[in-house]
């Protein structure tokens, strides 16, 4: 039985690794359609990754171990995070040892090392990207924690599986605190995964790029790992949002049928989230970086309001 | 309707009223402000109708309709026309230190909650928990009038305060007696005409609607 | 009688809106106000003989407290209408205002009187609020009548600050209704003051204390209490003088009336001095701040509006102090201050028209220029500063006595405020009235009647208090206990 649960765990990680590029491909495809361009297909990210893996790594002379270590660390934390978030089943052996706060910490570690690596070579762009990334992080993380606390207040636990359980059993559907937390979460997720209006994942324009600036010096398999981790991060945030706010479909037991149903639900949700994401991205213009404080300030405000309305209204 | 569902709907709408109040606090564009104000009115109106339905208070339907016609259609329309006539629709107001203002807003929400908690405990109504939100809406309207420097914005802050008061009446007591509600609505209507006239006076006299220019009357030392 | 009292100004307002700029418009204004006064006096007689009464299905309530204020309101509005005939004609000749604005001015003046009377006579604290807001709204555009930048600024400030303030009062009213509804059940009955008064002992004290804070801030803004007074000096100094006279002499009283009505309910519920203490604090602060602000003024109307803040502070303080002597003093103070202050504004209006300025440094030689204006101002200031034998002295003396008895520690502050105000006023008025008339002074026809009438009344009340007035106040004091 115990072994079986580990199999689910491994299955989930496999899905994370396998489906994340497809989701990114789906989003890019939708974006192409919405802009009237021909898309490269849903599998283009796989081809990109494959291409990068087969290329040589080109390292700068002054690159230290941090620079070489970072891609593996970023990739590793993403995989570990994937093992915590319930995507298919609630019975995850690792999930019971780690809660949402650990999850935030994992993302923070990845970001910290990416920022260090950005500065490691000593190019102007890397430093600029790192500084911007940390600015965003310093504002986004409190808001993120606040949103998560709001949800965990409502479910009286910080464990994700527990939260899902509570939402399953709860009678309350319309909870203002959850809605506020969801809105806050959407804003934070846009910032954390580097989407418009915070960052533009498709550009390498010097003045505006944030995440891309930090990883400008990477090549070959290093870049492949980081790109892959980036896709996984987007996927994970979607899964986190789904687990915390709309978990319906995730299997409560380890039953094969339930898990297959959960997989279908997951794919459906991904399709929908992709459409919503593209709608947001095409509807908005990228913000000036100085407006970001307001954007993330709003996220913080929403999360705090969610927490307050939990106390005041519920 | 199930009483539980009503309570949830009520608090849900309360949350949205509060959200629109915060939105107005930091919204820079004139039309955006007017639209937010109209949304707030709509939430209030729906809330009033729901409360009226569950409490069996039919005069609340009239209040709800009054709110709908006055605060969702008439006042926003008047403001729209004024903004257009005064040609300020492209003006983008400078809002100082948005995050700070938001934090102050949050502090006001907590303060209202603290202030209203003894009253809330005494109440037995379904809507009692929204009283704190109502006071917070009033307070945020007040904050908006203090932090903003544009005549139109100040008036919208004033009207938002009035919304909060109406909301307070609905959530504390299922609405004031109809005579009073009608009287208040009449006062708001008169006020609307007066500020309409005022905008033109200010505009012709000062060539702008920035109230910071009106600082001639000060205590001399 | 009561209905007549309310309908006359409303009707006059409509009529004046139609009459517009015709030659006889001021006369209609006077006639309307006079009719209002007659109706008010009739109502007062009725109440004096029959005691408190309810009317219009409990919608109106008249007792000794509000009927005296109603008579005062109608009386001062009548004299102001007489004064405004000369004053406005002069403004008109000078081209400061045009036809439409005269029409507007007359109609709004009557509407304002109506709003104040409604405020005083209604039994419903919700309507009280509405009438108070109406009184604000009807005067906002009168303050900006001259359309100068400063006038518009003053009116905007008045509109915004009073609007904000009065919103707080509505919240207080909602809380009051919340408490009342538990005892009296829902519906209009629960907002009637007479009903509330009867059950005030069983109203929830925590809610009422909270409600009073909001009501205090709300109506306190309209009373012009420090630190909520910012609008007052501006609105009084920039509007036309008749409006300054009624704002100072009447509107502040009406707002204080609303506050006192609410205080009675709160006291009945909490059985503590909580509300009184708040009022005393606001009152004393107003007295001190206003007295020291008086020293710095250069504009004559502005100076006297600070004096109004000071006197409203005194009355608020006295009501807060409570007890029969202080309350008697406060009621008397409201009466004599209103008479004296409006008379001062009449003379100030003429004085500033004679020199075409409101700057005190340029107003000189009033005794020589126009004895009535000069002596009227001199006596007015003597009266308002609290010199015997005028009525203000009597009321201030009573209040002071009560303070020494009930709150001896506050006496020095009160005395300091009164002393500073006295000095400040005389320092300014002395050079204005005496000396040679400057070359730019113009002689003009002035309205004698209102000034003389007011000053005689203040003097009479100071020397000899008529028995009926005495009885009246005693009844009112009983009511407010």
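Residue numbering begins at 1 within each chain, and the chains themselves are lettered A, B and C in the order written.
Keep this in mind: a residue touches a chain if its C-beta (ideal position, glycine included) is under 8 Å from a C-beta of that chain, and two chains touch if they have at least 3 such contacts.
Just so we're clear, the structure is a prediction, and the values are computed from it rather than from any experiment.
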- Chain pair, most C-beta pairs within the contact cut-off: B-C
- Identity of the most central chain, Cα criterion: B
- Task: Could you give the separation in Å between the centres of chain A and chain C, each centre being the mean of its C-alpha atoms?
- Result: 66
- Cα centroid separation between chain B and chain C, in whole Å? 31
- Query: Could you state the distance in Å from the CA-based centre of chain A to that of chain B?
  - Reply: 37
- Task: Quick one: which bits of chain A touch chain B in the complex? Just the residue numbers, please.
- Result: 171-176, 179-180, 293-294, 297-298, 300-302, 304-305, 308-309, 311-314
- Once bound in the complex, which stretches of chain B touch chain A? 4-5, 8-9, 11-12, 14-16, 18-19, 22, 26, 98-99, 102, 105-106, 109-110, 113, 129-130, 132-133
- Message: Applying the document's contact rule, which stretches of chain B touch chain C when the two form their complex?
- Response: 57, 115, 118-119, 122-123, 135, 138, 142, 145, 151, 154, 158, 161-162, 165, 168-169, 172-174, 176-177, 179-180, 183-184, 186-187, 190-191, 194-195, 197-198, 201-202, 205-206, 211, 214-217, 219-221
- Touching residues (chain side chain C, partner chain B) in the complex: 124, 126-127, 129-130, 133-134, 137, 140-141, 144, 147-150, 152-157, 159-160, 163-164, 167-168, 170-171, 173-175, 177-178, 181-182, 186-188, 190-191, 204, 206-207, 210, 233-234, 237-238, 293, 296, 298
